[in-house]
Amino acid sequence: MQFTATQIALLINGKLEGNADATVATFGKIEEAGAGQLSFLANPKYEEYLYNTNASVIIVNDSLELRQPVSATLIRVPDAYTAFATLLSKYQELKTQQLAGIQQPSYIAPTAVTGDNIFVGAFVYIGEKAVIGNNVKLFPGVVLGDNVKVGDNTILHAGVKIYVDCVIGKNVTIHAGTVVGSDGFGYAPQPDGSYQKVPQIGNVVIEDFVEIGANTTIDRATIGSTIIKKGVKLDNLIQIAHNVEVGSNTVIAAQAGVSGSTKLGKNVLIGGQVGIVGHLSIADGTKINAQSGVTKSVKEPNKALNGSPAHDYSASLRLQSMTRNLPELEKRVKELEKLVEQLLAGRGNG
Amino acid sequence: MQFTATQIALLINGKLEGNADATVATFGKIEEAGAGQLSFLANPKYEEYLYNTNASVIIVNDSLELRQPVSATLIRVPDAYTAFATLLSKYQELKTQQLAGIQQPSYIAPTAVTGDNIFVGAFVYIGEKAVIGNNVKLFPGVVLGDNVKVGDNTILHAGVKIYVDCVIGKNVTIHAGTVVGSDGFGYAPQPDGSYQKVPQIGNVVIEDFVEIGANTTIDRATIGSTIIKKGVKLDNLIQIAHNVEVGSNTVIAAQAGVSGSTKLGKNVLIGGQVGIVGHLSIADGTKINAQSGVTKSVKEPNKALNGSPAHDYSASLRLQSMTRNLPELEKRVKELEKLVEQLLAGRGNG
Amino acid sequence: MQFTATQIALLINGKLEGNADATVATFGKIEEAGAGQLSFLANPKYEEYLYNTNASVIIVNDSLELRQPVSATLIRVPDAYTAFATLLSKYQELKTQQLAGIQQPSYIAPTAVTGDNIFVGAFVYIGEKAVIGNNVKLFPGVVLGDNVKVGDNTILHAGVKIYVDCVIGKNVTIHAGTVVGSDGFGYAPQPDGSYQKVPQIGNVVIEDFVEIGANTTIDRATIGSTIIKKGVKLDNLIQIAHNVEVGSNTVIAAQAGVSGSTKLGKNVLIGGQVGIVGHLSIADGTKINAQSGVTKSVKEPNKALNGSPAHDYSASLRLQSMTRNLPELEKRVKELEKLVEQLLAGRGNG
């Protein structure tokens, strides 16, 4: 798709400077963009690129004062970054809406119910009594077990697997290879050293506006539901164990893991590779630094944690610096030992 | 499926109290269960819920003494939790046994041999000379390479991939997205800084009664076999490298990793996000705390480890607490320095 | 396939000792190999096995002096390990080259362009305008989005998913379940506590001779490209975030993660479960020990790092040992306190 500078200025309500007929087909970073690309300048640090870029059209802040002539067409808006992001979103939406139809071969069980304007890629599997909302996009190789529900406008990328009885809300996006509803990890030790499986008959409920990355795993509850609340954002390769509850708008970075039955509050921020043990309760707004290991519940909201085991963020930084100074401390103790020995010897002499 | 209270009491050999015709179709936690649900009360902590629950039937301990009237039908057994777990297991088994037949389209190579009463979901791939036992359930999108063997009663969930020549035992369950038999990570450094691949021509052998979670990876041996012994339980997103041997009934939690050629003993317990370096030998019954990094072999059985690098669990906790007290120790040293200075000054004056 | 000792000696230019007609069909470790297997002896530590093995043919070093009679046929070469590895490589190559043809059902979009001698497994999906080079092998269940490019001789194992617009070089191998091109993890916080997605419209570029393990995830760039340079080796379950650049011949072990926009130099070595924060620059030849957490850029090449937060490797080992000696240091301080108290008391008395 090609757009003229005029069309773009209209879309983002901007003011044109330069050739109104310049056309762009793709997006690029200002330091790399070539002819036919649209770029933006928001951070003054990159202003020098403005005067050398080959981009055809550049969105800039109203406040920008040019220090040299610019060959590209400029579009001025109050906030260049936001305008650019809005354009990208509209472009993505347009492309996704174009996906429609049922590719063959695919497998849709006779008792499944499907909404309007859905896309079913080749090799998609939809189980018995599954219910698929309107505008749902199922990329190739998605597997939906029996009784799975998928809400309107939800996008499941290639090879996502949803086990039986799980419920996915509206406007959810799940990236390729992610597994929702695998069995929780529960075994009862037996006298002979072996383990008996505890059946996992609950499900997973993912609420609206959740986004989940690639190859993440979310286990079904033993009984009841593992719940991912509205607006949660999960990155790639995350482990969410059985009966966990993730509060709304909580954000978890890649490779973090949350153990069984732990409840995370709202707007919690969890760094990459964090581990949280089971049966804890983490207060709203808690911030957990990357690679931390959380072993205790957090009751007070909006605290920052660090370390393994995790504790107060600032105290942990002080401890880290103190630990780095251990050789210094040991030297001071050695010096004291020498002085005290001298004092003792002196007293003996005295 | 619907069951009456009478049917359930018969199944678990329990004693009925209340309406014998109450029917249930699903299971629920006592604090959440509604009409038509079966629940249980084992932990006295939850007794209050017994008097308010809407569950239709509740399994309770023989020893329970009611303090208020209960509207649900009760079934009394010696151990409510075990009786409930038994019921769940029977229910799960029943559902799995119902799966049978070959869905289309699927791909079964002409030289593959398949047992009785198997389920082959749509988009399943079975390679040349593969041998599939009786009652095996292959969910949609499973890929079995050439010469793969799968034992009786084994369940492979959606999108499990087993590479050529690997051997899966009987009564094994592998969850969605797990990969068995990918190449071990072996490269020989070359003088020009590049790496030459060391071919990985071994396989993976998974013995009977193993259960493996979702999106876990188990690499094939360079030569010989990577071996997962009888009764092992692996959680999600675990990495098992080439030529590793995991001893029987060993349990590994999510996101842990075991490096090449390491041998884990029997009944080892490994916490989440643990890392174990290559070529080690870990004694039977070793317990490794979450996020630990094991860098040395463990020779004495039944020891507990913690930390990165890991060492004795109790010593590690003492060190952690001592480290937390570093600011205190530094204060004591400062105080000593002041006193010694005074003493030195005093001596000078003396 | 069966080979005689004579054929093998010819292939690796070796000198035969013993039965020239002995035949082998598979490979085995010298301590385990049986009749009909080919093995090698390179490490003198294993020499004892030479005299008891049932292997039919064994490759040994020219320099080996037999201390007992050997029943197997020997093939002498200057370097037994290299000769054996070469044989394995030729064997693997032979097996891969035999894969050819388009299995059914598979889905190849009408506008896709495919090269000569490719293998397309059943349930493979090739999107619109995708371009597939010569000798490419796509195992069952691979999904290639629209406009994906795959270079000559590249092998994508079962269930690999490549999102739209990504570019895979020549002679690349990607193992099962790996995802290339999922959205980067970028969200703009909103005043109401929710997050707005930042569209991710870049791609991933994987250069020639890269090998990637199983269930790894590589996110597409926000704008521009996430780049994996020539000769890089990535293990299983690794997270590479958006706009990351991995320098040529860099090697990353399993379960490590690299956050957004970080640039890794050439020939960097990264241990398992390492985490690297975003927007850093790591110099060529940096070595990062397993489980480290890198929080700062590394400017000087060829440094070794350890710890979380990571710092100089040797200093970190000294600190670890010093931390282990904290109880000892505390004792010394206690002893000093006692002595100083005595000195103070003595002065008081004096």
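Every chain is named by a letter (A, B and C) in the order it is written, and numbering of its residues begins at 1.
One rule holds for everything that comes next: contacts are C-beta pairs under 8 Å (C-beta built on N, C-alpha and C of every residue); 3 or more make two chains touch, one makes a residue touch a chain.
Every value quoted in this text rests on a predicted model; they were computed, and no experiment measured them.
Participant: Residue numbers at the chain B-chain C interface: does the shared fraction exceed half, giving same, or fall under half, giving different?
Facilitator: different
Participant: Determine how many degrees of rotation, between 0 and 180 and to the nearest 5, align the Cα atoms of chain A with the equivalent atoms in chain B.
Facilitator: The two chains, chain A and chain B, differ by a rotation of 120 degrees.
Participant: In whole angstrom, what separates the CA-based centres of chain B and chain C?
Facilitator: Each chain's C-alpha centroid was found; their separation is 25 Å.
Participant: What residues in chain C touch two or more of the other chains?
Facilitator: 105, 123, 141, 159, 177, 215, 237, 255, 273, 308, 323, 326, 329, 333, 336, 340, 343, 350
Participant: Spell out the residues on chain B that touch chain A in their complex, using ranges where they run on.
Facilitator: 27-29, 32, 85, 88-89, 91-92, 103, 105, 121-123, 139-141, 157-159, 173, 175-177, 209, 211, 213-215, 231, 233, 235-237, 249, 251, 253-255, 266-267, 272-273, 290-291, 308, 320, 323-324, 326-327, 329-330, 333, 336-337, 340, 343-344, 347, 350
Participant: Write out the stretch or stretches of chain C touching chain A in their complex.
Facilitator: Touch residues, chain C against chain A: 105, 107, 123, 125, 141, 143, 145, 159, 161, 163, 177, 179, 182-183, 185, 187-188, 193-199, 201, 215-217, 219, 223-224, 237, 239, 241, 255, 257, 259, 273, 275, 277, 293, 308-309, 311, 318-319, 322-323, 326, 329, 332-333, 336, 339-340, 343, 346, 350.
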